Every structure is written in C-alpha cells, then in structure tokens.
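The structure that follows is given in the form of structure tokens.
Chain nomenclature is as follows: A, B, C and D, assigned in order of appearance, with residue numbering initiated at 1 for each chain independently.
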Amino acid sequence: MAESRTYANGNPGNTEPRGRTENSADLRKLYLSVRATTQALAAPLSAEDQTIQSMPDASPAKWHRAHTTWFFETFLLRPHARGYTVFDETYNYLFNSYYEAVGERHPRPARGMLSRPGVNEIDAYRAHVDEAMLNFIDTGAEEWAQLIELGLNHEEQHQELLLTDIKHAFSLNPTCPLYLPPGKSAAEANDNAPGQGWLEIANGQYTLGHAGETFAFDNEGPEHCVFLHDARIADRPVSIGEYLEFIADGGYRQPEFWLSDGWDAVRKNGWEAPAYWERDGAAWTTYTLHGRLPVREDEPVTHVSYYEAAAYAAWADKRLPSEAEWEVAARMHAAANGQTSAMNPHPRPLVPGFCQDVWEWTGSGYLPYPGFRAAHGAVGEYNGKFMVNQMVLRGRSCATPPGHERVTYRNFFGPAARWQFSGLRLAEDT
Amino acid sequence: MAESRTYANGNPGNTEPRGRTENSADLRKLYLSVRATTQALAAPLSAEDQTIQSMPDASPAKWHRAHTTWFFETFLLRPHARGYTVFDETYNYLFNSYYEAVGERHPRPARGMLSRPGVNEIDAYRAHVDEAMLNFIDTGAEEWAQLIELGLNHEEQHQELLLTDIKHAFSLNPTCPLYLPPGKSAAEANDNAPGQGWLEIANGQYTLGHAGETFAFDNEGPEHCVFLHDARIADRPVSIGEYLEFIADGGYRQPEFWLSDGWDAVRKNGWEAPAYWERDGAAWTTYTLHGRLPVREDEPVTHVSYYEAAAYAAWADKRLPSEAEWEVAARMHAAANGQTSAMNPHPRPLVPGFCQDVWEWTGSGYLPYPGFRAAHGAVGEYNGKFMVNQMVLRGRSCATPPGHERVTYRNFFGPAARWQFSGLRLAEDT
Amino acid sequence: MAESRTYANGNPGNTEPRGRTENSADLRKLYLSVRATTQALAAPLSAEDQTIQSMPDASPAKWHRAHTTWFFETFLLRPHARGYTVFDETYNYLFNSYYEAVGERHPRPARGMLSRPGVNEIDAYRAHVDEAMLNFIDTGAEEWAQLIELGLNHEEQHQELLLTDIKHAFSLNPTCPLYLPPGKSAAEANDNAPGQGWLEIANGQYTLGHAGETFAFDNEGPEHCVFLHDARIADRPVSIGEYLEFIADGGYRQPEFWLSDGWDAVRKNGWEAPAYWERDGAAWTTYTLHGRLPVREDEPVTHVSYYEAAAYAAWADKRLPSEAEWEVAARMHAAANGQTSAMNPHPRPLVPGFCQDVWEWTGSGYLPYPGFRAAHGAVGEYNGKFMVNQMVLRGRSCATPPGHERVTYRNFFGPAARWQFSGLRLAEDT
Amino acid sequence: MAESRTYANGNPGNTEPRGRTENSADLRKLYLSVRATTQALAAPLSAEDQTIQSMPDASPAKWHRAHTTWFFETFLLRPHARGYTVFDETYNYLFNSYYEAVGERHPRPARGMLSRPGVNEIDAYRAHVDEAMLNFIDTGAEEWAQLIELGLNHEEQHQELLLTDIKHAFSLNPTCPLYLPPGKSAAEANDNAPGQGWLEIANGQYTLGHAGETFAFDNEGPEHCVFLHDARIADRPVSIGEYLEFIADGGYRQPEFWLSDGWDAVRKNGWEAPAYWERDGAAWTTYTLHGRLPVREDEPVTHVSYYEAAAYAAWADKRLPSEAEWEVAARMHAAANGQTSAMNPHPRPLVPGFCQDVWEWTGSGYLPYPGFRAAHGAVGEYNGKFMVNQMVLRGRSCATPPGHERVTYRNFFGPAARWQFSGLRLAEDT
C-alpha cells in the first residue's frame, strides 16, 4: 500500500525482534524511542487537526498524546515515584480512557469538545512526565520495568490509532488534506497480485499463545492447547484485484453471501465497496494518507469490516481462518523459513511473506483463552473487559509500529469497524 | 420455577427421547402433536393478545402461528406437493421471517402493525396447510421426512418464543394479565437451594457435536474434537438466593465486575436486578406467567443477560463455562447416571439433575463448528447467518417443549437479551 | 372525496346547527346520538384492528372508545354522581390521555402494547358509564350540562381521529384492508375543478372568536378584535389538479419554495407527493378508506403537511391566509348567502360552497387569543397546554362529524403532520 | 450581568444610533469597524478553541469568521467586483450556511469536523476579502451600499453567536476555561432587584414594524397596523431573585405550569434550573464568560427556554407579552423619556431602563408580518425561510454588538433553546 511504504520509510524504527528490556539503559533507550515516535507522528498535524474527533470510535490526536502520557503518570509516577508532582489534577479525569478503577472519566464521544488543554499544554505535559520518567528509570525502576514496558506498548497501540483516526477525520474534509506527501498516481503497470497458494494444517493438537519472558499483552496468554482439524490457509491476504471481482459480481447486492447483521449494515449504510473508496467512472479510487489515489489491484484489500470479510469468503466458497489456524500457519511459515521451529512459539517479528501490512479478520470471537485471568487493579482492565461483541484480527498493518507486532498478538474490533487497515485471508476445510 | 411446573403440568408432552421418525404414521403423529401444541399454547390468548408486539425482538402470537405454517407451505407444499393451492399469495411476504432467498419480507419491527389477517384467518390458514400436509405425508413424503421434521422442530422453537414474547408483552401491561392460573404466594418455606457441588473435567481431547441419524439443527454439527484444560463446572445453575447476595453486595453498582459493554448497558437501562423483578420493600417480586409473585431463593435465577451472568461470575471469582465444557459435563453426568456412556454422545433428554429448566449462558460466542457448512438454498439460512454478535446458551428452559431439547442443542441470543428464561452456571480452572 | 361522500351517507347525522342543549331530554338525546356514532364507527373493525397503533401520533380504536368514556367517568361521574361505582380503577391510568392533574398516565407511544382490556371489556365499560350517565342526566344534571356537552364534543373529536388513525394503520398493511366498501375506479369523466375565484377582505378592524351561549371549545374565545390589511382569499381549496401541476413542475425538488424545516422534512422522508399517494405509471393513486383509488383532479388536495401547503403557496406566488382572514371570509360568505350577517358571528354549520370537506392549513401559529385564560383544574388542560409548535387549521373534513364544525373552530397540528385530511386555500395581499 | 458589563467595557463600540450610511467614507469606516470587532472577539481564542463545535445549533468560531467573509465574497465580490479573484473555490461549499440558491453546502452538524482550513488560512481569507471590499467601496459601490450594510449587520449577528457558542463549548470543558478575565465572586451585597412596575397599554390600533431609510432586516417590515387589547407589561425583565422563588416553589416539578411540550423537555433533559446553573449547597452558581460565579439576585434571569419562560409566567399567574405589546411598550417608554414620540417609530438604540441586556421571549410565533415578501434570489433566504417552529424574542443581550439593536428587531429561536442570553418579561390583561 502506498501508505505502508511511505510510513515505513519515514519511521524505519527497529524491525528486529524486541527482547525483554533488561536494564535501565535499555529501558531508557526504548522509552525515548517510543515517546519520540509519537511526537513525530503528530508533527504534521496542526493544532486544529489535533483537536477534532470524527466519530465516537476515534479520538483527537492530542488526546492520544495526552492519554499515553497519563498512563505513565497514573500507573508509575503517582504511586511509585518519590516526590513526583502531578502536572494537573484535572487530567486524571480528562485523559482516562476507560479505567473505572481510577475514577470518573470524560465521556469518549465528547473528546472532540475539549479545545483545552491545547497542543502546547500537552507538549508541556509530555515533557514534564518524560523528565520524571527518565529520572524514575535512572534511579532504579527495575521493579516496574514490566509496567513501563506495558506503557510503551500501550503507546505504540495509540500510535496506530492516531494514524487511523486522523485518516478518518481527513477523509471527511472536502478539501482532502494530506497527512503524508502526495502519492503518485500509479502510471506504472498495475500488476495483478501473485497467484495465491495454500498452507496445509494437519489434524491434531497444537500449543498456542504467549509464553516466556518477552513482552506480551495479558490477552495473548496463557499458553494453551487447541485441537485443529484438517484445513488449509491462504499464503497471502485477499488482493484488491480479487475483491474487485466480488464487487463486480454483485457481492454487495446479494444477501446470500452475508451474515444477517452484515446485510443489515450494508443496507443501512449503503455500502458498496470498502471504506474510503469512491467510483471514478469504471475505476475506483481510495482516500489514503497521501491523498486520493487509484486503487492498486496487487495490494491487499483493506478497510473492510468483518461483515465484508465474511461475505467475500462466502462468495469465494471459502471461510475465514480461526485465530488458532492463523497462528499455527504463521508459526509454520516461520519455521519453514528457518527463523524458528514450530515448537519454539515465538518468531518475532512476523515473517516477511506471510503478513502483508494489513490486519486480517479471523472467524474467532474475542474471548479469553483457557486459564486467562485479568490482573487485579486498574491495569487488569486493559484487555479483559472488552471480551465480548468483537472479532479477533491477526497480523499487523502498515500503521503498526515496527517491532510492535507478534505472532501471538490479538487485535480486536467490532464487526462493523472499517476505519482500521483491516483485510482478510481465506481458509477452507480439507 | 412456578412457570416451569405449571407449564409441564399443562403440556406434559412426551418426555421420552424422540428418535428419527421412520415412517408416515410416525411422522403424521408427530406432525399432529406439534401443531396441536402450538394451538393449545395460543388458546389462552385473545385476538388482541395475539396481535401485539412489545419490542422488535418479539413477535405477535398470531405471527408465530402463521410463520410456522408458512414454513411448511413454502418449503414443502409449494415446491413438492402436487396440486397444492396456495392459501394467500400475500402471506409469503407477511410471514417470511428472514429467508432472503424466498423474497422480500415484512419488516420485523412492524409485525405488530398487522391487524389483518386476523386470528380467524390464521386458524383457517393453519387448517388449510394441515390438511395438505397430512395428505402429503400420507401419500409418500419419505423423501422429505427430514425437512418436515425440521419444520416441526422449527415450530417447537417458536412455541418457546410465543411464551417468552407474550410474557414480555403482558409484563408491560399495568393490569398485569395472567397467561396461566394465578400462582400461589409461597407461604410455604422458601428454602435455600441445596449446596452446590462440582463436576471435574480433565485435561484432554473430547468429541462433541451432533452425529448420527436422529434430528438435530445444522449448527449442532458436525461432530468434532476439542481440547479442554483442567476445570470444574458447577452441578447446578446459580440460584436466586445466591444472586440476591450479588445484588446485596452492590454488584450492579461496581464496574469492576462488568464487561465494558455490560457496564454501559447497566447505566443506560438502569438495571439493578434481573428482568421482571421489582422491589417490594426489602424483598423482590418477579412477573411470571402466573402473575407477579415473590422470588423464591431455591429456584435458579433467570431473565439475566449475558452481561449479568458474566458479572455475577466475576463477582464470585469464577467464570462461565465454555459450551464445550458444558456439553462434556452434561454427557459425563448422563454417563454417571447410567443413561448413556460418555462415548455415546447422545443422551436424550437432558438428564434430570443436571438441567433445571433454565437456559444457561456460556462464555462461547455463537460461531460455526469446524467443518460446518450451511445447506444450500433458503433452508441454509436457518442458523448460519446469525453466527456473529451472539453468545451460546445451553440446556433448556421451562418453556422448552418436552422432547425438543438435546445435549448438543445450541441456543443463542445477543448479550443484552433478558426476555428469555436465561440463567447461568459457574465454572473455574483447576 | 370518495371518503367524504360515503361517510356522509353512512352517518348522516344532523347537519343542522346544534344549539345549546337546554334540558335533560335534549341532553339525553344528544348523549345517545354521539355515543352511538362512536360505536357505529368502530363496528367495521375487528378486535385486532382496534388494538394496533401505527405511530405515536395515532391511537388504537379501542383506546379512543375507552378514553372518551373515561372523560365522562372522570369529570362527571366520579366527582358528581352520587353512588357511582368506578368500573375499574386501573382505567384511570390507562385511558388518561394527557391530563396531568388527574394523575400518572400510560405513555402515549405504548398504547398499542395494551391487548387488555379487550374490545369486549371496553364495550362493557361503555355500557356501564352510559347507564350511569343517563341516570345522572335524568336525575338532574343541569348544573353539569356544559361539562357533558364538552365531553360529547370531545368524543366527536375522537371520532375523527379514530377514522384518520385507522386509515393510517390500514395503509401500512400490505393486504390493503378496506374500512368502507370498495370505491369505484372513476371511469367517469375526471373533470377539472371549477375555476377559482377570490373573496376580497378590506383593510380594517374585525371582531372574531366565539361568543354567546352555544357550545365552543375554550380556545375559540374570547371574542376579540383584529386589524386586517387589504387582501383576498380563494373561494375554494386548492384542487388535486392544481397540486399535480406543482408536482410536475418539480415542486418537491426545488428548495426555494420551501421553509427550511420543510425542506429538511422533504429530504429526510423522501416526500414527493401527499401522504398515501403512489405512482402508477404516469398517474397517481391514493389509499382511501375504500381502498386504493386513482386520484381525482376535481377534489381538494389533502394529506399534505403545513410544509407542503406553504411550499405550494410559494410556488403559486401566493401565501396561506391567516386564521383571522379565513374566519372573516367564512363569515362574509355566510352573510352573502343570507344565512347570517357578518355582524352575527355564528353561522352554523359552515356554509356549503365555502368549505369542501378538507381541513385547511392557515399561516397562523396555534397561540392563545387575547384574553384567553385556561380553566382551572384538569379540564383547563384541554387546549391551552398545546399552544406551541403547532399551526392552526380551519374548516372541517370529510371525517368531521356532522354538526360538530363551527366557523370559529380552531384545529391544530404540528407542521409535519400528514395523516389528517389536511389541505390548503390560497390568499394574497392586494 | 457580569458578562454584559465586561463585554461592554471591552468592546465599547458606538452606542449612538446608526443612521443609513450615505457615502463611501462612512461605509468604509463602518466596514472596518465591524470587521475589526469580529477579529477582536476571536482574539482570546486559541486555534483549538476556534475549531470545536459543541452542538449542532452552534458553530466553531473560525467558521463564524469565515462564513461572514463568504457573505461578502458571494453576494458582493463575485457578482459585482470587476476582476475579483476567488480566494478558494471550496470555501463556497464549506462556508455557505443555508443559502440553497448558492449551491450545495457542508452539513451544519459537521462543521466541527473541519480542522482545515485552519485559523491562519481564515485570517488570510479575511484579509483577501477585506482588501477587495475596501477597493470595491472606494471605487464606487453606492449601488450596493444596502447589500454591504446587510452583510455588516449579518456579521454583527454572528458576533453574538460567536460569544454564545464559545460559552456553550467552554461550559462543557471540565477545566472551566475563561473567555474573559475572572469574575469577582460577589462579596458585595447581593441586592434584590428594584420593585417591578407596569406600563399600561390601551385598547386600540397601533402602527408597528420598520419603516424609513435606516437599515433593518427584511423581517422587521413592512410597517403595519395591529389591534391591541387593554393590557399592561412589566417595566423590567424577571430577575434571578424572582426566578429563584419559582424554583423554590417546585416550579420545575409541577406540570400544571408547563406547556405539554415544555413538560416533556423538563423530564427528558432533567431541567431543574436555567442552563449553566449548578447547585452549590443551598445556593446556585452559573457558568459565565468570566468563569463560574454565584448567581446575582438583582440581575435578569437568562439562559431560560421559551418553555421555562412560559412556565414562570403561568406560575406568576401572568403571561408573556406579544411582540406587538412589547414593541408598543418600548416605543412608549422611549417617548416618555423624550427620545422620540410614539408616532415616530424609530427610537434607537433601545432606551436605557427598558431593556436590560437580556433577550426576552414573547408569546408570538415567528411568522411574517402582513405584506411581507421575501426578496428574490439567495438573499431572500435570509429570514423568511425560518418562519415556522420558532418564537420571537425582543430586546438585546449583553452579547449584542452596541448599535446593532433596534426597537423593531425580531430575534427568533426554537422554544427549547437555552444557550442564548434569553430571559422574559411579564404581561397581563387588564
């Protein structure tokens, strides 16, 4: 995708797998890197851009910048940093996202009502917390290293949201603002995607989920067994070229391919293509962070909801993989490429050639793994309380910070969400 | 429950397991029995009662009576019965519930707008179709026996809905109408439920899902393997006495027990107890089909949403069982009681002592089993298209027609639904 | 209109002006007549028909029958009839429409949820109250004669609503039920309406509003002076033939003719013709109480909202008359026809040739006349509390009970309402 | 009001009546003055502040600044200024408020989604248009002087809206931002308002509405006669002290004082005091542009809806004046104070002692005067198309630009609006 390439160029980051940070120096380095990336991502945005909220699911960019800072202040500095001075007591109300245990919070759909604190105050807040955090790290925060690492991974999640949220906001503006430099209109050949092959999964027991010392979110564990049946899974996501065939075949007009709730969504919202697409005569364009561009047939389709993903799969007489199948296939692919063995469950990063910069809807509901227990206290609200009404996505997108992704990573959104870089991969029983 | 006992008395039915009907005589007998039960259930309802629709999720009683008839007309008589005369062409529009392949349909929320056809016309429709169906069966419908059996099981599902829907409608009426004779105000001792024990589930592979020749809905199969981890599951559902402790302990006021969407539902709807409950001084009453009665502590709690079930479990420091755990436990219980072996996966009916006339929310999303494929054509819309945004319930309720339930039966509703007879059973990891 | 003629035939009533009833015998006769008419209007409706409510603005037919009865029970029998036994205490909650002073009431949008009391109970309620009322009248109710007369006029208002409400409900039913015998498809010549002339109104002071001893609602008085400017007013309402020209000229697609709120309503509701109209090739049909029929060009247009009336007038480069202009013109017309003098402000009924069985939107907001004071107590809630957000209609419709209309009668609805028999008449400054 | 005094100090303006501008020099001076005032009012607002929209009725401050500029570009420069270069073609879509004749427009509720153009671009837009306008004026725009004057009065209306809209937005911010310097907490005596007297209006004909050469909006004319009945009208608006008695007497809990729609609004919105009020123990505070301050009993009550104004009047056993009564009284007061005679209908500005910096709801619907005709073309959309569903307010508020108000000025809002500086004055029949 145009977006992925430029983003990768602009923010090359560290694509090496990230081990557990083991000492203050490493932690300091990681802290500075993640915090600086957030600021860099917000740099192209004006004070006005950072203020608006285009829908309840999205948040203003300055809110993302403040909320990620609030996390460090609330869970590290306030309780554990001797002599820390709170920057502004009202921020605990304004920038709490959903942690009920921490107190009342500003309602999510009203985040775009807050002109103040302004971007300069948020900068000052970040600087204040950064200074305290670095001091905290330097003077011995080993005990809290894992919590700091959680805060940094949390911030990386918000980096991705910052991009998807501003993309959504800009897409509503008739002046078509650009977040990145203008994209080239692909005059070059618009090739087809390479042919799709299959990865075979044999009937049997598999061990999945996160284990070991490296960082993972709580919802990625515990490690556990699953039984899978014979199946196969595509070796790449569905391409735009393939998805165009679904559209051309009347896919959006035939209820037999759709889940009942999906068909309701099609009719209610007037969907006839992925989000951000517009017809341009016989062709289609899509709004990107580089502006509106023609779609490229060789790229993976993205900005589709779970409903569309499931409808495409039904039209193709296939199905979506379960998240277990997806993870098994990703591990097998890694093993086959010599990066790890299938028995060593932690290939990092996701291996080139398996993922293609697009989140992939799976057919699995976002529910706890066997043996999952949320941590006690506010941090325990991190993931568990969202385990209903959402579907799991696997992989990573062009907006995922390099080094952040994992083969065990469980992303999740409601089935109608389209503003993420979300696509799909096919599977079938054998 | 008051409801269950009287319902069972009034409609004793056949509590023996129902084998696959093997000949015309059996099919005729089953057809007559199921169709007569529907009429008997509607008998206490006036023309006015049968007309109203109290919410979009519910349907008028006369609609249930017509829609179940439409099923036979549409899928059996029209395509397969030589010389069948359609009763009224407009009924195909009015009484199609959601089969897109059969054509346009009257919008669900507007079913209560239809004063006509009236109850007498629906009676005539049923008589017309019954006559044709019996003739169809008598003159050799072996080929379609399974489809007829599906129609009858479908009608039994609507019998349960007819009861839950009229209960909901009556509950809104300030005159407090009774569907059944008045219930006695339990002057007798309101005993506690018996102590709860546990059934142990050992780590390992299990085979689940429907197999064999007896009837099941498509979503109950195919038979497949799952891997379960060590756990245990309660030997009975949560009682009202236990649920009252949760309420008394402030369960409805403490967000830490709730899923995020659940907490939103609590605040938006002002929930502070199960549906139909009202405070009566220090005590509680509940609206039943026998009228408003004091709650009984020894009965299983019912009319709770998935959100409430999950919150109760979190408060009790337990969790809900998965549907696989539930099915394994039910099979083991049956085996232990000599009705079947755990290897014979089809104990029918659900064994006394395991189920207690209340549907039980499980922690499993309603999703297809490995290898599931919807049938082609309109009948294929039966179950598969609802496989999103819903949670599985297992067991049976006091309103489930005797002989209809199965250990593999998968009931499903959205997580906020409370108008079904829905409760819960606890589980935990060991 | 087809509707008006048949209605008039079926319910000829007394078209003579109705004087103030002066003795018990007259009052008894009037009481019996009005009450019998309500029952006659409901006679074609089944129990199911009488139960449904098709929108919050409408009420079920059996509710109308009960509410009008409740009026007599609440304001006459309970407080003033010695030894009266209340029929059912819950009815005070169920059938109170909006009288806050009388206590809590069932929410209006939920009237269609009430299957009970059923039509038979409502019949019994009416009989019980009728018996008590006749006894009350016979044993000396002179003191309450005006309040009884108010109750009867109130019931006549609900007779009209019963008809418009069931028309709306039936119009939503795909089986197209008929309230009246099938209408003839006008094979006869569909003539143009006769040419429209003008009635001149001269600059000056006029006295308007109800005065005298005959019955009128409180909002029709007090008598008061207004100053009118030179203007003229059409001598008949706008015809369907004329309205078709507005449609053909793109009236529904050009914002310049519309009030801002009106244009919003056009777009939101997709209006492109009056309510109940459907295109039939190049022609239009309309749903009537006789079924769906071709529109007749010589009839007054009806089922238009205030927004459409105002847009039509703007398109015609005219305006709507104020209610004062309307009343002055009606009085002048009456005087010119020898029925009354302009100085005698009470011609009754509305003179033939001026009104044409259609309510006419005026350009006047529904606000109190100078000197208006609502009565104290619950009856004072009758009209005054609705004096905001509504526009005045003058005249009478085909559904108005004969003898009920008056030259001072002020009907009122919100500007988007279309389910009444509402049309318009043009005016202009001179 | 705290707000009014500081506003007046900060923006003293010209309180002299403004005559019709007669030459280029006057027009240039007026243009510069009005345009500079807008910029001065926006000066305390950050880029973020100017971007947010707190409800569909309100607009972002930068939108007000751009829209008022668009007016000059669209109605003066584009059609009439030779060689004018349009600043940005997309602005015609973005900053058209409601002029359908000028083309499609950005939906009002989405104005807060527009981060771009930013405040700097809006400044550039204003400068570009100002330069062209001054050149246009200097080179002979006599022909368009009235249209320019309309544009300036239009801009003055938006100056008031800019203040009420930012007040609303700031009031939602938990950090309680100040637009003006902090207000003093009235430690000084909180005196009662002076006793209220009455102005008598005698029965008879009066001439009202705008006439003559000075500027007025089209809806203020034409001059016309009305007939008024004997009445009297209070000599000052209702004070906060008086309104507190209404609250203390349970005014917000007793339906008998309320219009039916008003009572619905009370219950739906949970109103128990004017907008911006909060209980502080036994006392009340209100959010002002100077921050949250204790209410002052001697000030006129403001931020009440029409519903509250009407309920207060009913509680006081009085009524609201009609707009005709209000205008007659204002003219009489002016005559009595020697500023004008009652026959000279144009006292300007509103005379001290009659108005008190608060808009006053009247009992009159916002409808056209006799003889009113909207201008042809887009400018004709200015006022006429809003003449439904709104009530007239008379007077001026603390946020009304000095020199902008007139005795014939007709302000109008929907009956539930509370974010304007709206209060009331009593009247009664005599």
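Definition applied: a residue touches a chain if its C-beta (ideal position, glycine included) is under 8 Å from a C-beta of that chain, and two chains touch if they have at least 3 such contacts.
Owing to the predicted nature of the structure, the values given are computational and were not obtained by experimental measurement.
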Chains contacting each of chain B and chain C, listed by label: none
Repeated interface matching B-C, over half of the contact pairs identical, chosen among A-D, A-B or C-D: A-D
Whole-Å separation of chain centres (CA-atom averages), chain A against chain C: 60
Distance from chain D to chain A - Cα centre to Cα centre, in angstrom: 48
Between chain D and chain C, distance of the C-alpha-averaged centres to the nearest whole Å: 38
Two or more partner chains touched - positions in chain D: none
Touch-based graph of the chains, sorted into line, ring, star, complete or other: ring
Full enumeration of touching chain pairs: A-B, A-D, B-C, C-D
For the chain D and chain C complex, residues of the former touching the latter: 98, 100-101, 205, 224-229, 231, 255-256, 258-263, 306-307, 310, 319, 363-365, 367-368, 370-371, 381, 385-389, 391, 415, 429
Of all residues in chain B, those that touch chain C in their complex: 46-52, 54, 62, 90, 93-94, 106, 110, 112-119, 169, 172-175, 177
